[in-house]
Each structure stands twice: as C-alpha cells, then as structure tokens.
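Listed next: structures, encoded as structure tokens.
Each of the next two complexes has chain A plus one other chain: chain B in the first, chain C in the second.
Moving on, here comes the complex of A and B:
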C-alpha cells in the first residue's frame, strides 16, 4: 500500500487527476455563477435565438442567404463559410508569397535581396489593421461603378469589386454532389489499383458514365455563361468579388507572408552547408539542390512555426468586420449580437467556432509535419 | 479539449459580474459621491468633447442634470464611454448607474436584457442619405441599391424591414469602422448611407461638400432615444424618469436656467411645486426639495438644452420637430407636478 505512494506512475496520474478536477470545477463554478447572476439580473439566456429570423443582410455570401427568411444560425453558417474560404485562399497566397520572398532574400542578386529585405521590414513592422485601411482606401480609389474599367466587356473592375462572368447550369444541388461523388469514387478505385480486373473495369465505367451524364445534363438544361451587365444601380448577373474581400485577402496575406518568409529563410539557412556542398560535388544544379536537397530538409523546421502563421491568418478574418467583410465575427458576433443582445452566447459561439477551425488546421498541419519528419528506420 | 475549457472559463469570467449586492442604488451613489454615466464615445450634439476636453451634448447634459438632482452638483459625474455592444451589459453589471447614450427603446431590449427604459429624451428616426447626383428623391427609388450602414444596432434590421415591406431588393454593407463607412459612401462603393436622422445630419457636416448630399424625406423607423437603467431598481428608475420630466416641465412652465430663484418665490403653484418651495415631491423620491431647481439651474430646461446642443444655432441645425412641446405640435409632454 505504501509503495503505491512512491510509484512514479501513480503520483503522475494522481496529479493529473487533481488538475482535471480543479479545471472542471472551475468551469462549473464560472458557469453556475454566470447563470445565477444573469438570472438575477433578468437577462434571458439560452440559444433559442439561433432559430429566429436574422433580419439583416450579409454583404458577401457564398451560400444562398436571404435576410427575409434565414435565421441567425444560417447567418453563422454563412459567416463560417466566409471564414473558411478566406482562410484557404489567404493561406495559399501567404505560402506562395513567403516562399518567393524568402528565395528573393537569399538570392545573391543584390537588387532582389534588397527589395525583399525592404518589403519584409516595412510590411511586418506596420500593424495589420493599418494595412487593411491602406488597401481599402486603395480599393475605394478605383473608378465608381458607372465608370468601371472594362476588360473586353467581359470582366469589369470598379470600387464595387471585380465582376466576372459566371457559368450558370440548371443543376440541382444533389445532382452535382452525386456526380462529384461518383467521380471521386471512380478516381479512388483507379488509384488503389485493385488487382481484380473487374473492379478496375467498373471504376473506368463509372468515370465514363459520370462524365457522359454531366455533359448530357449540361446540354439538356443548357448551361449559359452569364456576363455582368450594368443595370440600375449596379452590375447584374455574373460573379462578384467585392473589394472588402479582396482588400482583406491582400492585406492579411502580404502581412503574414512577411512573417512567413522569415520562417522559411531561417529554416533554409539552418540546413547544414555540407548538404549543399555534397550535392554540388555530385554535379547537381542549383535548382535541383534547392528542390531535392534543401527544401525537403528545411520543411521539417518550417512547418511548426508556419502552423501558427496560418492560425493567425485564419483569425485575421475577424478583422474584416471593420471594412464590411462579414465572417463569424461580423455575423453572429456582430449584427446578431447587436440585434438579439445575447452577448455571452454569441461570443461563446464565435470562440468555439474559431477554436474548432484552428484545431482542424493544427491537426492537418500536424499530420503534414509527421510526413516530413526524419523517419528513423 | 483543454484549450476549449480554458476559453470557456475566460469567456464566462470576463463577461459576468462577480457579485450582485442588493444595495440600494441611491445609497451607493451617495457613498461614492459621484454619478457614473454611460455616454457615446463621440456623437456630435449628443456626447462629444469640446476644445477643453469637457463633454458636451444632450446626453451629457442629462447626466449633469441627474447629478445635480441627486448629489446637488452637476460636476459630480464620471462619464464613461460605451460601445454599442457593451452598453447594456455595463448597466447590468453596475459598471454605470445610468446609460444616456442615444439608445433606442425597444420591446426586445426591455424584455430581454435585464434593463429598463425610462422616458424618451430625443425622438429620432432612421433616415437614408444619398448624393443628389444620383437623382433619387424618395427611398422607394432605391430598388437594387447598395446601402452602407454605420456601426449601429437597430439600423441594419430597420433597413432590412424597410426593403422587405416594400418588396424591394438591396445589398447591405455593414461597416464597423465609421470612418470606413463614410469613405465607402463617398467613393460610391454604396449608393446610400443610413443612420438615425440626427446622426446623418452630423455625418453630413463632416463631408467635404455637405450640399451635395440629401437626406431623403420620410423616416423608415421610429427611434425614441432615452436613458436606460438596470432592471429592478424601481426607486432609481423613478428618479431618472422624473428628472427628465422636470426639465420638460420647466420648458412648459417657462422656467429657465436664469429665472429659477425668482420663480421659486413668485411662480404659480405648479412652478413652486416643481422648484420645491411648495409640497413634498422631492422628499417623496428620497431627494432634497430643491432637486429639480438644481437640475434646471445646471443645464436649463429641455428647450434650452436642445437649442444649445443641436438647435438652429449649432452646426447640426436640427428642427424641434417631434421634440417640440406637445403644445407646439411635438411629442414632449411632462406628467403633472402635483
């Protein structure tokens, strides 16, 4: 019995258990305290408001959203999709620009490295909000909608955004989804290279059917390209990329790229010089050395710090509400909160959503990290 | 999971008041010796710092009148600026005693948020402003337009209600930064901008060429603005309500900032009751008998407050309109002092 107390494992477990109890009871204490105080203050709590009509418009929505019918929950969904789409595009841009800036900075060409140095130092030393304001002012300085710059009467650029033609097919949503699923399944079957000939034939057949079906459906329902056209106050038809979205995308990814490029540069410099020299001794070209020797080794130390750069990019979507790009913070954490007055619930939803999104991101980056780590066999 | 738990703890911890002591609001204010008044961080005519850094405006004057009535000194006010998101919570958590921040009285707020309305201090309504160059002279001509909305609370809902009830389409651009909203409107990013009429008049003043913008006739919403107090503090609510009433009654009865001392002796009975030389109105509220006299002496009657802050001689040049006395066709009407 006494020996148990001296057992390392038991002690560790007990400490962890104690910690867990402390944390759980603290959460409970705060929750109960909050509920009691709000009850005493006469504040109505609960999440019923999520199903009430939202009653406000969202300037940029990738889903169908109609303020006449849709609920606060729909507004949250629209905001979340905006956040995710923004995050994906901004992360891709950040990565590309980080790499470019880092390689420029490491270049032996004085002009390139000097330019990269100046850019990085300027951009990362100015607060991100200022970047957003500057870029937004630039976007607003574009010609107004009546004097939009036309690119062959197909694409228009004005301070209401970039108007692009869109492809409108009368697909039902489920039809497109099932087609996409069939294509994916077919592709997967081909990829796993099933030994059985029959399975492989089935896979090819499926892809073929899906391809035919989609062509057939387009020709039956008639897909049309809709060009944006100036009617009344604004362009009608086509697709719009609003200036708020573009502004935020450019401001956030350039700011993050300045930080990211230093991560990349540091990691590249950390790869032992002997590696380069060895590759050179084998007659490899500079390009080949970079691609096959240095970058793969640098990735090991790039990915962990880059993960936090990416997480910051995702969270920066919230800054969009200052200029009218509504992500989760602008929808459920902004207008819904203002209208319903359910501050604690709304902010909690915002925090949970950001946390979940960023945990997903961290999880994906963690897997990527494991793939590039040195594998000891 | 741990991160989630920590976030939850922080969330609840930060937003919830630690204790709700059942102590009378009046006792608390007297002990503290200063009134804590929640105001707008900067709205011309309602709450804005002057060149010496002193707060000026209709809402500010109301706080001063209240401090004069309760503590006997209009300067015993601590002005605390409130964002539109935190204002009601601040009241519930006792961070402020009274919220005098152009806040609309609505059923939802009264019912849900643990706060109570008092009496309207300024009747406003939401309006739409456009550039005169776009050739629209009524809000119904705005079908398909893009509307910029200032950081507000009820404005995005009102504009949606308006377009929905007239079966018109629109696109909203809800911009949290007020400078950005103005810039977006001026750059033609949106065709129109919407806000309370009084605020639009103030916004227009700050634009390069104020004559180039017209505020479309007709209001799309009712916005009775006034002071809020915490729910359940009945005594305090009565005092806030009746201080506003006293200032309106003063205008009805011809009591001004300068003639209070004279009228206290020579006025008609109702004036004497208002100014405390007759009856026990102040004592009944738990105040001194000259509470209303102190308030009127500090900031003047309602008409004087209006003219000084937003009236014809100020840059805002607002007409009395709905805020005229009922006898002049407005809605300002004080309950009798007897």
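Moving on, here comes the complex of A and C:
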C-alpha cells in the first residue's frame, strides 16, 4: 500500500488529476458566478444575439453593410474582413520596408546606414500608440478635398483619405475571380502532396480553367476602371482608403518594419562571409551575390522570427479602435458587446477568430519555411 | 585556460599603434561616401535633405521655441511652445500623487532603476538577484499604493511616469516566475500539464493584449461572486503579468532547449531529482542566456503599458494628452507627443544598449 506513494506512475497520475480537478473546479466556480451575475443583471446568454440586428454603423467596411438590416454576425464578418485586408496590406508593406531598411543599414555608405540606423532605433523604441496618434494627426492635417494632392489625376490624397481608381464589374465576375484565387491557393498547397504526375497536371489544369473562366467573365460582363473625380464636396467613384485605415497601415507597418529590419539584417550578417568571397572570386556582381547567394540563405533564418512579426501586425489591427478603424475587436468585441452586454460570448468569438487567423498565418509561414530550408539528401 | 586567455589579450594590447595621416582619412572618406557614382548621388541627396531639414527641426524645437511665459499669448505660433510642458512637468512625473508623499515615488524610482545593474549583473550571487526580483514588486506596491506601513493611496492618484514605471517594473518582476513555471510545464513529461501550458501560451500569444485588457476592465466582475470588486489597477497588473509571462515562457523555453541534454542526464545520474536538476543545473544557465531576449521583452512590455490609457488610466501619455484638453493649451498635441516619444526613446534605447552590451559579454564568456 505505502509503496504506491513511491511509484512514479501513480505520482504522475495523481499530479495530473489534481491539476485537472483544480482547473475544472475553477472553471465551474467562475461559470456559476457568471450565471448568477448575469441572471441578476438580466443579461441573456447564448449565441442568438448573433442573428439580431447590429444597430450600429461601421465607419469603414469593404463589404456592403447596413446597420438597420444586418446582424451582429454580419458585423463580425465585416470586422474580420477588415482585419484580414489590413493584415495582408500591412504584411506586404512591412516586408518591403524591412528589406529596404536592412539593406540601407548594411550599405557601405555612412550616411545611408546612419540614416537607417537613426530611423530604425527611433521608431523601434517608441510605443506604437504614439506612432498611431502622430500619423493620425498628420493624416487629418492633409489638405481638404478641394486642394487634394493629385498623383497624375488618378490617385488623390486629402484629409478624407486616399482615393484610388477601382475596377467595377459584375458581382458574378468577382465571384469567379475569388473562386479562381482560392483554387490557385489550394492547388499550390496540395501540389506537394500529390504524388502522381497526372493528378498534379489535373490540378494545374483546373487552376488554368478557373483563371480563363474568370477572365472571360470579366470581359463578358464588361469591367470598367472608374477613376475618382471631384464632384461637389467629395470625390465620386473609385475606391477610398479612409484616413483611419491609412494611418493604421502606415503606423503599424513602419513600426513592424523597424523590428523586421533587425531580423533581416541579423540573418544577412549571419550568412558566412566565405560565401560572399567565393561568389566574388567567381566574378559575380554585388547585385547578383545578394540575389542568388545571400538572400536565399538568409531567408532560412529570416522566416521563423518574421512569422512572429507578422502575427504582431495582425494583432495590431485591434489598435485601430483608438482612431475609429473597426476590426474584429471594434465590431464584435466593441460595439456589439456594449449594445448586447453579452461580454463572454463576444470576447470568446474575438479570441477564437484571432487564434484561427494567426494559426492560418503560422501554418502558411511554416509551409514557406519548409520550402526554403536546406534540403539535405 | 585563463593564462592562455591573458596571453592572447596581452598580445592584442601590444599591437603597434599606427598614426593615420590626412591621406588615410581622405581615403576612408572616399571609400565610405563616394565609392561609386550611385554612392556619390546618394550621399549628396541625403546631405541635401539633412542640410535643409535639420536646421528647420532644430529651430522649431529649440532656437525659436518659447520656454518661459504664463499664457498662450507668449508662444511663437511657428515654433514649439514648451511653456505648458515645463509648467506641468511635476504633474507628468508624479501624476496626481499627494505632494507631501512624493518622497515615496522618488524612493521607488531609485529602487526600480537599481534593479537593472543588479538584476542582470553576473558577479552578484543569483540568490540575491532572485530575492530582489521577488521583493521589488512587493516593496514598490507598499511604497506607491501603501496600505501596509504607509497611508493608502487611491488608484486615481497614481498617474504619469510613476504609473508607467510602476506597471512596467512590477509586471516584469512578477511575470518572470510565472514564465519559468509555464516554460517548465510546456516541457513536462506529464501530458496534461504540457497541454494546459502549451494551450495557454499559444492562446495568449495569438490574441491582442488589448482584448485581455478589455476583458479585465469589462468582464472580470462577471466571474466574481456578487459584491466583490477588485481594484482596476490590480486587474490591469494581473493581465500584464499573465500576458507577458506567456511571451517570456517561450524565451525561457528556447534557452532551456539550448542546454545540452547531457548535462541534465549527468545530473540525474548523480542522483539529483527533477527539481534539483532544474534549480541548480538548468535554470541558472538558461536564465543567464535568456537575459538579452528578456530585456527586449521588457522594452516591449514597457511600451505596452501605454495601452492602459485606452482603459482610462492616466499613464504618461494619458497625463500629457490630458493637459492639452485644457482650454488654455488645447490643440498643442505635437509638443506633448514629442515629449512622450522622447521619454520612451531615452529609456528604451538605453535599456536596449545595455542589453546588447550584456549579449556581447555572454558571447565572450562562452568557451
């Protein structure tokens, strides 16, 4: 009997059981309290509120959204799409800017590397909230619509945001384009898994068909490029990126690029010097050495830390709530929560959405990482 | 071993010193600034940029700026106006802290600053360092919040740089032990403990801190029995500690994994149990090696404390913005933002430099 106390397996099991009991009882305790408190406050529970009318406006939405008819679920969708679009644009900008800053910092030109050093160190060591406030003040100080800064009469910048030309076409065409894009992504993801050549060819063929079909769709339905035009007090036509979105995009991507550039610089410096010297001995130009020798090897150590920079970019979309850009945190975790009072459900949805988004991002980056890793045979 | 190293050091010291002539300097300048036509163009363009803008910026910041006066009328509209900043400086540092109690803030600033050379020093015995880590938050809490020996200060009286330091340093110290437990839990051989710890770490790292802060300010009341309220400061500290512990746990886990498994096996072979091995073999090395990354993490945490402004606590950015809602100085946010960004830059940059110095030292001491 006493021997049981010294048996490792028994101790292990007991410790784990104890932990499980503690966690489960804590969860129960909190759940009972929550049920009591919500009952007292007259808050309903459950996820039915998702189908009720949202009743609040979303300042910037890429999907059609009408607060009078659309539900909280639609608001969540709008918020998620805002987050995803923001994340994609910000990740592209971050990557480009980190590469640029890292190369500037590594330049043999003292002035150029000094400038990059100052910029990176300044931006890195100041909280992102300050960046957002400063860029927002700058965006609101832009000239009014009447005196908008014009870039070749196609793109306009004013305190109402950035006006871009847009591609206007039938709903059906958009559907097929997005379907084709999804097929392409799917084909790219499964192409390694497909072992037989015929299946792989079939996958490529399907992607091709989808691409052709969508191009056909666009030409049949008649797509037109609409340029923004000043009419009355505002621009008509085209696409508008409002100042809140622009501010957040620039603030977040410059802040992350300052962090990212250190990652890139460290990885480039970590590529052994013998590689560069060998390439120089072969007569390769600096540009060619960078492109063919250094960058492919540096990528191996860039991608894992860059993934966490990208995840931070995605999470930073939540900071848009300070200037009125609504992402998941602003829609379902903000206004919906305040109106319905169903805090637990709303925060749960927010957490699940962010976790899923970031897991997808981590999965894609993991894929990319496996592709660039050294293949040892 | 040591004699060899000193021998190497002395040969390095005896390297003949070559005086550089003017021609050498000219060559260095040419090589680093005018190496190729493109280089020359870049150099000229950047110099032109700097020559046009730096005088303008300096003029705005200092030469045309107004430093003394009483009202807004004394300001120069085309340059910075530092009058409100100078007048309110005490408020920015101490917040609404009672004036006769300010010595408590001063003492805690000194204790907090003392932490850095002490915490990350390698000559200090680790026992003293760990004691300091555990005691510092308690002492800071007793000094700033009071309640035990000193009079109690309400949460609304904490603000400005005091609150920023308070949150940053207490969260840093308290999250370290939590992070060590999480890191060990994630590497545990017991599956349930491993799953719980990994799940917690991954969830916290995937969700913005803002969500947790909102949770603490809106939702926590729901989970407590009716009538129980927890001070908002305590709730925010709780969130900062448990969120940053998840990030620190990953840093420490990396450092633990970097320790050769032979050491752990050797320790087991000597008859040490799990806890002894961890406490005397693994953790001393892992913690020492993770110091640079932990310092970077601390900088991130320190910058993240600005987020509590969204919840209505007046940390340094909150107090600065509050002064410019004042009718007299309304709309002078630029000067305020310059001050706050300089404040954060000065602190974070110097801590980062210190971290880089430690990293170099750790690399040097590895044989």
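Throughout what follows, the second predicted complex is superposed on the first by the 246 of 377 C-alpha atoms of A that agree within 3 Å, B and C clash if a C-alpha of one lies under 4 Å from a C-alpha of the other, contacts with A are read in each partner's own complex, and residues count from 1 in each chain.
The rule is short, and it goes like this: contacts are C-beta pairs under 8 Å (C-beta built on N, C-alpha and C of every residue); 3 or more make two chains touch, one makes a residue touch a chain.
As the structure is a computational prediction, the values presented were derived from the model and not from experiment.
Novice: Who does A:316 touch here: chain B (first), chain C (second), both, or neither?
Specialist: In the superposed model, A:316 contacts chain C only, not chain B.
Novice: In the superposed arrangement, does A:301 touch chain B (first), chain C (second), both or neither?
Specialist: After superposing on A, A:301 lies clear of both chain B and chain C.
Novice: Which partner chains sit in contact with A:56 here, chain B, chain C, both or neither? Use first/second/both/neither.
Specialist: Once the two structures are laid over each other on A, A:56 reaches chain B alone.
Novice: So, does A:68 touch the first partner chain B, the second partner chain C, both, or neither?
Specialist: first
Novice: With both complexes superposed on chain A, which partner does A:34 reach: first (chain B), second (chain C), both or neither?
Specialist: Both: A:34 reaches chain B and chain C.
Novice: Determine, under the contact definition given at the top, whether A:109 touches first (chain B), second (chain C), both, or neither.
Specialist: second
Novice: Between chain B and chain C, whom does A:121 touch in the aligned arrangement: first, second, both, or neither?
Specialist: The second partner, chain C, only.
Novice: Who does A:15 touch here: chain B (first), chain C (second), both, or neither?
Specialist: second
Novice: Check the residue A:347 against both partner chains and state whether it touches chain B (first), chain C (second), both, or neither.
Specialist: both
Novice: Across the two complexes, what residues of chain A are contacted by chain B and by chain C?
Specialist: Touching chain B and chain C on chain A: residues 23, 30, 33-34, 37-38, 40, 133, 137, 321-322, 337, 343-344, 347, 351, 355, 359.
Novice: Can you check the complex and tell me which residues of chain A touch chain B?
Specialist: Touch residues, chain A against chain B: 23-24, 26-27, 30-31, 33-34, 37-38, 40-44, 55-59, 67-68, 133, 136-137, 140-141, 144-146, 159-160, 231-234, 236, 243-244, 321-324, 326, 330, 334-335, 337-344, 347-348, 351-352, 355, 359.
Novice: Give the list of chain C residues in touch with chain A in this complex.
Specialist: Touching chain A: residues 31-33, 35, 39, 42-43, 46-47, 50, 189-193, 196, 202-203, 205-211, 214-215, 218-219, 221-226, 299, 303-304, 306-307, 309-310, 317, 333-334, 337, 340-341, 344-345, 348-349, 352 of chain C.
Novice: Using the touch definition from the top, list the residues of chain B that touch chain A in their complex.
Specialist: 2-9, 11-13, 15-17, 20, 84-85, 88-89, 92-93, 108-109, 111-114, 142-146, 148, 152-154, 156-157, 159-161, 164, 170-177, 180-181, 183-184, 187-189, 191, 230-232
Novice: Please output the residues of chain A touching chain C within their complex, sorted ascending.
Specialist: That would be residues 12, 15-16, 19-20, 23, 30, 33-34, 36-38, 40, 108-112, 115, 121-122, 124-130, 133-134, 137, 311, 315-316, 318-319, 321-322, 329, 333, 337, 343-344, 347, 350-351, 354-355, 358-359 of chain A.
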